[in-house]
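The structures considered in this document are given below.
What follows is a pair of complexes built around chain A, which joins chain B in one and chain C in the other.
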Partner chain A sequence: MSNGALSVLGLCAVNVLLALLLAPLYEGILRKLRAVIHSRQGPPLTQSYLDLLKLLGKEDLRTSPGALYAFAPALTLASVLVLATLVPMGTAPPLGFAGDIIVIVYVAAVSAVLAILTAFASQSPYAFVGGSREMMLLLAVEPVVVVTLIVGAVNAGTLATGDIVTWHTANGPTISMVVASVALFLALQAQAGKLPFDIPEADQEIMGGPLVELSGARLALLRWALWAKQLVFAFLLVEIFVPWPSTGTYYIDLTLALAKVLLVLILVAVVDAVNPRLRVEQAMRYYARVAFVSLSALAFAVIGM
Partner chain B sequence: MSVESDAAAQITQLLGGRIGASLLLVEQPQPDTLRFEIDPGAVRAAAKALVQDTPARYLITVGIDERPLDRGFAIVHLFSLDSEHLFLALDCAVDSENTRIDAITPIVPGANWAEREFRDAIGVEPEGHPDPRRLMLPDDWPEGVYPLRRDFRYDYHPPSAGNVRPVLREPPKGSSVIPMGPFFPTLEEPAHWRLFVEGEKIVGCDYRGFYNHRAIEKLGDSAMTYDKLPFLAERICGICGFIHSTCCCQALEKAIGIQAPARARYIRTIMLELERIHSHLLWLGIAAHIVGFETLLMQSWRIREPVMWLTEEISGNRKTYGMNCVGGLRRDIPADLTAKIQEVLLPVERELRAVRQAIVGDTTILARTKGVGVLTRQWAEQIAVVGPPARASGIAIDARVDHPYAAYDEVPARICVQEGSDIWARVVVRMDELEESLRLIRAATAAMPGGPIRTEIAEEIPPGRIGISVVEAPRGEAVHFVMTGGDNRPYRWRVRAPTYPNLQAVPAMVQGETVADVPITVGSLDPCFSCTERVEAVDIRNAKTRVYSREELLRMWQEKSAPGGER
Partner chain C sequence: MSHVFLLGSSVALFLLGALTSFALARNPRLCGWIAVVFVTVAAVPLCGVVGETFRTGGQPEVILLHLSSLGASWAIAVDPLSAFFLVIAVVVGVLSTVFSVDYMIRLEKDSVAKFYPVLLVFFSSIVGVLVTSDFLFFLVFWELMTLTSFLLVTFERESSTSQRAGRKYFIVTHAATLCMVAGALIVWQISGSFHFAAMRDALGTLLDTQPVSGHLVIFLFVLGFATKAGVLPMGDWLPDAHPVAPSGMSALLSGVLVKLGIYGLLRVFCSFVPVSASLQAWGVVVALAGVGSLFIGTLAALMQTDSKRLMAFHTIGQIGYVCLGLGVGLYCLADNPALAALGLMGALFHVANHACFKACLFLGAGSVLYRTGERDMNKLGGLGTSMPLTAASSTIASMSIAGVPPFNGFASKWLILATCLLVGMSAPLFLALAIVGLFISLVTLASFLKVLGAVFLGQADENSDVREVPWTMALPQVVLAALCILLGVFPQVFLWFAHAALAGVSQVGLPPIDLLLGGSWGLTLAVSGIQVGFWAPSAIVVALFLSGSLAYGIQRAAGARVRHVPVWTGGEEHAAGTVRYPASSFYLPFKEAFRGIYPTVRLRVPAFPASLRKALDLDRWLYMPLARTVEQAARGLGRTHLGIPQVYLLWIVVGAMVVMGILLLTV
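What follows is the complex of A and B.
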């Protein structure tokens, strides 16, 4: 095996491990932050790891014999990890190629669709409502993500994520990129499943929606997938739209990226803490407006601003 | 016939004109209570005259087994004529052999549950009732056993009948069912709504409740005595316990013909308003939690906490104060604590203003509450809804003003009314009431007279007297009716909690809404199921056929939870 292939594999492993191992820590930090806003003491930072460990050792109760229902949580986590290898984390994406931005869009959608399928396969009326809400929300948010990524592509004149980052680092901010980054940040709130858009789970209405009939290891895997997804999406946002300062040294760039991701997720958590939950059709109307914002960014990009 | 006021004479004349010779007797046992004995055949005409030709508002129906008094069964429909501060009682004697009476539900929709309840409890059939299903008895309760009849012993356990299910309506064609309950995250107590949905849209619903029966009314007239009754009443509800004990004491005081001393009435007012403050803050937190706004939940409960500490300092308990007794109070508020009340409430008031500003400016809260869970004024009046839901639909009723009790005649309350009829209007009404309660406490502590806190009851309490009392609970008006009996206990004690009428409005409120809105719509009523479901006799699992001891249960649990055990 050549040296290049080895380094690609190594970087893939690093990205996957970052997504897997840091996601619970970030979630722990967000939980602590939420507790402070609530005037609570809050759980220790390691609580999310402990939760996963506990759930992995718990009994797995199933409401349906289907294979899809059995494996969907694992597949969801796997799809998020594949996404991690396509997203730049401190350096160019390990599995980057000319056109990988289209693959990012598809893989991101796959992880959401798998969560929906888990819901439908569990044969619970609450999961069913949760699944259909997830689908509606996906239809509203996905266009925003696609258009903002296209803005980057149009600006840089390439469909490769790594090249977009390189272009943005070298050329500095443009109006279109700033507007697109705002739109993608607003989409992140729903992608991370945070209030006011945690509508598919809505504990108080449909008892967790897709999660309601999951238990034990499968619940742990789906939770883990959701936490990893918010981390990977935050990386996508900061690496493409806020790539500066870039030193070219991997470790420093990675540390900077981790700090920026933390800042972005803290903003997401603050919005989460000060908002009640919207109804799904209200959320769709909201993202229709955000889509309009992202389209205006695209218009700016097309005229070269 | 002895009728004192003009209004009473007018009502008497109206009823006499409508039902003629069927009006058998009119009496005014207390200045604020007018009792009509009527022929049961004329009950519908009489009820119609009251609700259509006067502003009378339906309260509740009491079914009494008077066979030991040689009078058959009594069905007493209670109404309130708020503008004249009068209670009206339509008392119908039902023959003990032919136990039927015309239902008034077709004319007074708010009587729906009450009429099903007296059918369940004493076995008088409301004829022409639109929905004659079982209401409060368990599904496996045997037919023909009526727990509130006098010959039914309070400790009798009928045999249970295994696998029975409630009679619930089937969904309309093309819709599916989403169950909310019997156990559900946003219901603090068991209650079962069967929501019929098309997609997420509600096209209908059905309800089965009364899972929390605790036999309180039965205990009150068979196992307890007058001096114990206020303590039992306080345990009707874990939130508005003082309201029920005050209401029970006031009803008994009226029946006996005594009045609590002025100081006791002021202290009752202060405690009632403290209870309203902590209950409304509790509600605000729960409502916020239902729409996922955990920060508001945590903050409003933090603001509430000093009020709980204050009541603990006054009474020894955060809740269930145990201060009330018939004739007054058992415990005074010392002077230094009176001063401290102001001190504790100042920061509460300041923080409440901040919370109010925060939620008024929150567009997401407005999006979730404005125009949602609408209860039109017309429906609210027909179902006889009370409390903040009624006031949020523009109906200016408040027991503190309509039937002044405690010290509310000297420290009058202001009625907080909104016209929005939606959840947001209910939020605003409660926020206004919080401010009003703070003002009332301040006024009451300033004007509180000295003197004794209890009126002694000098003589034996004679049987056959009635007393009706209302208290404005945070959730609405609570009604207690007592009829005194021999052996130092009431012959009949009827409690109507505010959630009882309010819950009946849920089907009208959720029609056409989405599943997402149902929890907050039900939550906007501030429902209290244990209050509503106080009447019943037996825990069905603990039937007489088999009573498990604690050790047996423990052993069974250990066997079941052992590896490979039966699940």
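What follows is the complex of A and C.
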């Protein structure tokens, strides 16, 4: 096997492991932070790992014999891990030769689809309500993500994620990229399923929505997928829109990126801690406005600013 | 063997099959199998022609009949573009016929004598449309195809909705054909010939000397073909005609018939219209029409609760994607043949992909209809466990149409949208169109999640006796679903054929496919030597498999016990199937925002003049009075019959006396 292929495989493994192993840690930090804002003691930082471990050993209660219901949570996590190999983390995305920004958008949608299908397969009417809400939220948020990524593509003149990052590192901030980064940051809140947009789960109304009939290992996998997804999306945001300072050394860049991701997620958590839940039509109206912001970024990009 | 002989033998087989199945129509199952055998056998020479065409890059033209007074001749020519569409027609045709064998038995009210024979004539007319290179004879076959498909749509004679939809289809498509006839006649005035090559030259001169009538001709052709293709607003016949047709026919309508409109558009634009600034303008028009119909069609689909009507609206939407690819390709053809080739290849690839997944979806909806008798998704639910094969194929096809990687719909949408974005970097209009396309593919996803959730997932009715459909109905779906996966994971193979098809008709030399879509792993878009877009399905599938195994390994790591429990519904006990989330409840706030996107226009039909109706009503002034007179006379005569023997004897005596009196008096 050639050197190039080995380094691709190695980087893939690193990205996957980062998404898999660091996601609970980041979530733990966010939980602690939320508790502090709420003047509570809060769980220890390792609590998310402990939750996952405990859930993995719990009895798996199934309301449907279907194969989809059994395997979809694992596939959900798998699709998020594939997404991690398409997103730059410290360096160009390892599977960049296999997927550009359009592929990123669609693979991200796949993880949501699988989660929704799991919900529908569980046969619970609460899960149906939650799945339907999740799809509506996706319909509202995804255009923002699409347009902001296209802003990068138009600026750099390519659809390749790695080349967009390279272009942005070299050519400094532009008005369009700054506006787009704001829009993508606002979209991150819903992608991470945080308040005020945790409408699909809405524990107090529909008892966890898609998660209501999940238990044990499969619940752990879906939770894990959600946490990994917020981490991967935060990486996408900081790597494409805030790539500086870039040293060119992988380890330093990765460490810097991890720090920037932490900052972004802390902002998300602060918004989460101080906001009440919106209704789904309010969320859609909100993201329609954000979509206009991102379109204005695109307009700037088209005129070359 | 010459290709004309092969084509002739396959058409002869179709017609022979039509006669045989007509003769044996008493036994619907036997009749169906006869049709299957003849269609399959007739497909063999067609495949031979297709293979030979792709190998040699086109078959020479052969003239079978010459009408010199009209300037028309029946010329047969098979180029790779025809071959490409022939393959689609053959695959969907054979599978739909196999599906129909058992399906048609359920429709016992109407005899299959008006299904299979017409179907086989329909197939032969499609072959005729695809291989003819003379517009007059092209129109003859086109018309035959329209008529036969009309008869197939209106198969259920007793259903008034089916008759109404058929009438609409008939009127709309004939108006479209009329447009094409008008356009052809304008060109014929100059060329004096209906041959494609002569018409191309004539159209070229017309565009130079009289641009207005030149563009009028193009407009008429586009109108004609776009109506068949289902581009809105002319495609309004489609959501009415698809649901009422027998399901095998719905699959053929969406999988083949609608595609022939695209074939016509490609012929017009790639070989009729000279490459110039006007072609660029028409490219924009086609792309805008495409985006209009994908936006409106798909959002209208989201509102539907009738499964087949929903899919018909999605056909409009997906044809919109094809037109977007076509439009962006035509826009670039003059300046940038590389991007043009990518857009057109994307469009052709999407045509093939749409044929696979939409045929599969219609057959799936047909299977559900066959077992439950229900198209209304509000009344369905939980069929996934009782119909596993149908559910699995429909799920795969739904994911394909929604553009979920790594299925085939994604590969073609990726190609179309990536081309749009790359073109959009210099022409921002296409950026906007691509964004609409990306958004709508998510709406498609929402719509099909609704179908899956409402029909196959969710809770089944208690004591429901729904079973899986017979294998003849399941097999075509499974094959089509497998094709969806194959085309999605190995798009390079199929795009080679699309490229060959386009290179055969394009007036501009297209760059070789290695330069356009290089890369050993999958598809790599290269524009002027720089790689700008990537989609390698094989790598993603491998990555998905590995990480899926990892995730499943984690799931089973602790070896936790699995226990089956009933659904928890707030502590109350409900009979299965009573607590269900109906199809009409999905995405209500979102649907509310787009309500009225597909307005139904009720045309007020002018009242028939009453006096004329009276004059034409023979019953009223001729038959009824006559009948009444006769009746009264008969009743008068009847009074003389009293039923008393003495009276009859008296009549006889009186009669005899009268006769004798007359005899005595005359002698």
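Details
By definition in this document, the second predicted complex is superposed on the first by the 303 of 305 C-alpha atoms of A that agree within 3 Å, B and C clash if a C-alpha of one lies under 4 Å from a C-alpha of the other, contacts with A are read in each partner's own complex, and residues count from 1 in each chain.
The definition used in the following text is that a contact is a pair of C-beta atoms (placed from the backbone, for glycine too) under 8 Å apart; a residue touches a chain by one contact, two chains touch by 3 or more.
Nothing here was measured: the structure is a model prediction, and the numbers come from that model.
Of the two partner chains placed around the shared chain by superposition, neither chain B nor chain C is touched by A:188. Shared-chain residue A:164: touches no atom of chain B or chain C. Contacts of A:203 after superposition: chain B is touched, whereas chain C is not reached. In the overlay built on the shared chain, the residue A:58 is in contact with chain C alone; chain B does not reach it. Once the two complexes are laid over each other on the shared chain, residue contacts for A:150 go to chain C alone; chain B is not touched.
After overlaying the two complexes on the shared chain, residue contacts for A:280 are found with chain B and with chain C alike.
By the touch criterion defined above, A:116 lies against chain C but remains apart from chain B after alignment on the C-alpha atoms of chain A.
In the superposition on chain A, A:129 makes contact with both chain B and chain C. Counted by residues of chain A touched, the larger count belongs to C, out of chain B and chain C. In the superposed model, A:234 lies in contact with neither chain B nor chain C. Put simply, chain A uses residues 125, 129, 132, 280-281 to touch chain B in one complex and chain C in the other.
Contact residues of chain A toward chain B in the complex are 34, 37-40, 125-126, 129, 132, 195-196, 198-199, 202-207, 273-282.
The touching residues of chain A, when paired with chain C in their complex, are 12, 16, 56-66, 68, 71, 73-75, 77-79, 81-82, 85, 95-100, 102-103, 105-107, 109-110, 113, 116-117, 120-125, 128-129, 131-132, 135-136, 138-139, 142-143, 146-147, 150, 153-154, 157-160, 163, 212-213, 216-218, 220-221, 280-281, 284, 298, 302.
Here chain C touches chain A in the complex through residues 382, 384-385, 395, 399, 402-405, 410, 414, 417-418, 421-422, 424-425, 428, 431, 434-435, 438-439, 442-443, 445-446, 449, 452-453, 457-459, 519, 521-522, 524-525, 530-536, 539-540, 543-544, 547-548, 550-552, 554-558, 560-569, 579-581, 585-587, 589-590, 592-593, going by the rule given at the top.
Partner chain A is touched in their complex by these residues of chain B: 176-179, 184-186, 199-200, 288-299, 302, 362, 364-365, 367-368, 514-519.
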